[in-house]
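For reference, the structures are reproduced in the following blocks.
In the two complexes below, chain A is the common chain; its partner is chain B in one and chain C in the other.
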Partner chain A sequence: MTLSRPAKWAFGLMAVVCLAFIYVPLTVVVINSFNASRVFSWPPQGFTTEWWHAALNNPGARSAALTSVLVAVAATLFALVMGSLVAFALGRYSFFGRQTVSLLIILPLALPGIVTALALRTAFKPWLGTSWEWLGVAVGPTVIAAHATFCIVVIYNNVIARLRRMGTSPEEASMDLGAGVFTTFRLVTFPLIRPALVAGAVLAFGLSFDEIVVTLFTAPADVTTLPIWIFQSLFRPNQGPIVNVVAALLVLISVIPVYLSQKLSGDPGHAGGRI
Partner chain B sequence: MTAVQDAPVPSRAMGLSTWLYRRPRARLAALLAAPVLWLALAYFGALFLLLMTSFYTVDDFTSLPVRAFSLDNYQTIFSNPAYVKVILRTVAIAASVTVVAALLGTPMAFFIAKVVPQRWRGLMVALVVTPLWASYLVKVYAWKTMLQPDTGVVAWLLNPFGLSGPGYGVVAVTITLTYLWLPFMILPVYAGLERLPDSMLDASADLGARTGRTLRSVVLPLVYPSIVAGSVFTFSLSLGDYITVQIVGSKTQMLGSVVYGSYTTDLPFAAAMATVPIVIMVVYLAIVRRTGALDSL
Partner chain C sequence: MPEATQVSPTADPADAAVAVALRGLTKSFGDVVAVDGVDLDIYDGEFLTLLGPSGSGKTTVLRMIAGFELPSGGQIELSGRDVTKLAPFERDVNTVFQDYALFPHMSVLQNVEYGLRVKKVAKGERRQRALEALASVQLAGFEQRKPSQMSGGQRQRVALARALVNRPSVLLLDEPLGALDLKLREQMQVELKELQRQVGITFIFVTHDQEEALTMSDRIAVFNQGRIEQVGTPADVYERPTTSFVAGFVGTSNLLQGSAAEQVLGSPGIFSVRPEKIRIVDVQDQAEQGQHSVSGVVRDVVYVGAATRFVVDLDVGGYLVALQQNVQASSTDVMQMRGRDVRLVWSRDHEFRVADAT
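And now, the complex of A and B:
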């Protein structure tokens, strides 16, 4: 588009302001993790890696991180199955109540977080005391179920978009050549939707790993995910330096999923899959 | 009828495959059964239970819900000016977040979609998306350190000018929520602008419109549904927040924090309070529907 020079400069300036707004706070978090001062104050008092050593060896933070990974993996696997099933149903068939089902899927993400949180807590109340021990940390079925419920929609969105784009001809060709329903799925459909499944899984994992709004309401008392650990530590001033390091670490590793999804989709415009 | 029985059945899987192939309804039922049962029971059932609970009262001694229908909780909310104020404040914060996000996000999205050269576009989108992946709590924490009174980064920047930062409170909550949900505004608007053909902008210029006129009369009306689509996210997410307000809100109360503060002692009241954002969202979505923005979600 042919924009006037001042207009280009104006948009450029606004973009720079916007990017500064996005990145300055994250940079401050990373710098702050090397701050020698025990109490936060800007500018930093001196450089130290002491807190990084302390945080990486902090048993609470480590087991919370492991708990988060386990919960996220379990929720993602559950959501992968449910989300794909429902994407096939809505993407390949038209039936009475189709609109209702698609509304039902999107509801857990569309409604305000506190509503989903309290509703799930009310429903899961009988199982809130149950927790399992996996790899030495406590993991709760209620928190996995809660995460899976709102992860279904991200898998669904990715898979149904893929199904629409690929059409039905590859499957029809396979059937015409004599392959049955299962063979067609295994050799034709599944390889075609695999990138969408991976992109959706990355997104679902990220969503669950980071979730706090619903987690605080649905986690059993002995289950501490990383966000719960950070949330509790925020109110303990002496944990400050350790929280700084964990926060900085989380900022730095957030590059991984973006890189992964760009690499997988091969389309930079869709970084992070479909939300 | 006999056709099925006469057909050769080499293996059980083959038989099932043929059976399924001939019955699309059975395939559909097999696909739908588990997820729909799950969502209906675990989620829709939960919402229904929440709605029911909001009509119960609580036993003063045991703090347990008493199952007798009453409108007491709703009466408490709407007859107490403090709660009405909380609701209005929450809606005002959510609305401000949406407006600020649109004002910041739309030029950014336009810059990426129409000003930046094609080869830089992917990188720019990645730059906007990456913070979406940074942990929610970390981002709130980042603003806690930014806005800390006297010793925060904002205070450090403003003090030489004789100004002080906003400190913790409603302004801090609005800034932080805008920060959290900004990508949810930029991405739909960017997608909408990408669909808008450049030829349309060139046509506007050929017909004599200057840049400002083209932006106002061509770009803005066409991208408006995308802005509204983004606003559904920013509005809903802000409406239901109770974490940010606890960390950077000082003593500010929002709908979410009232629910969070009362669900252990008075579940029916918390349930009634949680019904309020549902109603607000339904009204908001009904208004949004008219713009046709929901089709582009």
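And now, the complex of A and C:
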């Protein structure tokens, strides 16, 4: 389709405005993390790395970051196993109720986070006081389980899309050539779905890492993930600059998984998930 | 290939030459009967083609022989051994898939070595055999390529090498030439047939292309609606089709039936005569001894280069197609035939009675 010159300019302008609407506030956060003014006066008063030093040496922020990483890793590993198993069951076998199960698996993505959070909090009540100490920080099994509910969806979506695209013929060819079920999985199926697993895992990690609503509702009192730490710090005096640095860091860090997952899945826009 | 000709000692000597035996083979998918009681003996070293339109059950039969589908009923024997319930990896057959099904994450060499690798053949020997197999399909030097870096015809050869390297007793080919363009397809038809003669392995070849079937096969089994309509040599199937379906599917059907058959041939039933056996003469001419003739009007003339196809509406009803070589005639000559009264003449030896359509 060919567009007239004015139309091109109009659409181009709309695109720029939309992108600016999203990215200007984020840029301000990053700039403010170097702003010499404690109250973020605009334009910036001067350049300083003081807040970055303070933030990187802040024990609260550091242990919260470690907690987030541990929770995200645990939830992702759990989801990798469960999500792949579900994807194989639904993608390779037909059975009564398959459509229903497929819908039920995907639904958590669409449900309002606050509802999921409330429901999980009610369900997890007896274990809400339980926390484990891993690498010196408190980690809650309830948070991990809660995060896994939506991480599974991401893994499932990636793996089932991959299974559909590759069809059954590579596996049939492998068995035809004399390989048993496990050899076929090891030499053919797994290598072929590995990109989907990696892409799904990266995305699941990202989702878990910055999740706040479900975390607030399901975390034991002594478990503080990074988003929770930011949330709490906002109401404390003089924490503003440090929160800004952490936020800026998160922006930079979260770009990486999205970029990687697009690269690895080789099918941008198909990964799906709330980010 | 010793495996290919070896006879299982337990087999009945009368069955010695049978490589694959299908007995009352049936397969249903839900309410749909895809294969409906197929009986067929396929002999050692034979090139047998399963020919039929899509949905006729030929691919399902192949997939059951390979072990990808379990039959709903009936039995499959490989060299006298019942393999009906065995998994694909427990059968001495290999398949060349329609989409080739090469492993995209492996090099060409790794693809070809795969069967030997999972059967724990020593590294040196399997490398040796894989290289030989690749050389036999003219792909020496391509070992390190990935399948995605090769053309359709080359992938086809890799798939062949990957199957043949295992020296199976039977090779199954599921429309392997379907994705190739015409020139390459014709070339591969010749090469495949050549290869089959060299290795002496039984080939079971699935296609919907009647010319391909006629070109390559020792015998053809014509499938229709899950059943075999006729089994025979290409000449059998083409010149002496036993049913109107076979007459129509293998070649142009050209049927005379009902009152037209009775008036022209003097007996009721369905008769067929191949277009190239019919001669077009002046409407005044009479048929000679041993010939049949019928008059009509040329409805359509299709110039196809070496020959011309005439569609003639018969005065007794129905129509016949006649194919005439353009020995002398030019395209302008033949085009002037449209609308003319003509007489069609053929030898009685070339007409054959066919069974009614199923």
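Keep this in mind: the second predicted complex is superposed on the first by the 262 of 275 C-alpha atoms of A that agree within 3 Å, B and C clash if a C-alpha of one lies under 4 Å from a C-alpha of the other, contacts with A are read in each partner's own complex, and residues count from 1 in each chain.
Keep in mind that, in the parts below, a contact is a pair of C-beta atoms (placed from the backbone, for glycine too) under 8 Å apart; a residue touches a chain by one contact, two chains touch by 3 or more.
No experiment lies behind these values; they were computed from the predicted model shown.
After alignment on the shared chain A, the placement of chain B and chain C results in a side-by-side fit free of clashes. Using the contact criterion defined above for the overlaid structures, shared-chain residue A:200 touches neither chain B nor chain C, since it reaches no partner. When the shared chain is aligned, no partner comes close enough to touch A:241: not chain B, not chain C. Looking at the shared chain after the overlay, A:140 reaches neither chain B nor chain C. When the two complexes are overlaid on their common chain A, residue A:176 makes contact with chain C while staying clear of chain B. Using the contact criterion defined above for the overlaid structures, shared-chain residue A:26 touches chain B, although it does not reach chain C.
Within the superposed three-chain model, A:220 lies out of touch with both chain B and chain C [touch as defined at top].
Once the two complexes are laid over each other on the shared chain, residue contacts for A:89 go to chain B alone; chain C is not touched. A count of residues in chain A touched by chain B and by chain C gives the higher number to B.
In the superposition on chain A, A:188 makes contact with chain C only, not with chain B. Closest C-alpha contact of chain B with chain C, superposed model: 7 Å. Under the contact criterion defined above, the residues of chain A that touch both chain B in one complex and chain C in the other are 175, 180, 183.
The touching residues of chain A, when paired with chain C in their complex, are 167, 169-170, 172-180, 183, 187-188, 191-192. Within the complex, the chain A residues that touch chain B are 1-4, 7-8, 11-12, 14-15, 17-19, 21-26, 28-29, 32, 40-43, 81-83, 85-86, 88-89, 93, 95, 101, 104-105, 107-108, 110-116, 118-124, 145, 149, 152, 175, 180-183, 206, 210-213, 216-217, 226-227, 230-231, 234, 243, 247, 250-251, 254-255, 257-258, 262, 268-269, 271-272, 275. The part of chain C that touches chain A in the complex is made up of residues 66-68, 87-89, 93-95, 97, 99, 101-105, 114-115, 118-119, 162-163, 166.
Looking at the complex, you find that chain B touches chain A at residues 13-14, 16-18, 20-21, 24, 27-28, 31-32, 34-36, 38-40, 42-47, 49-50, 53, 104-105, 107-108, 110-112, 114-115, 121-123, 125-139, 141-146, 148, 151-153, 155-156, 179, 182, 184, 187, 194, 198, 201-202, 205, 210-212, 215, 232, 236-237, 239-243, 247, 255-256, 259-260, 263, 267, 270-271, 274-275, 277-278, 281.
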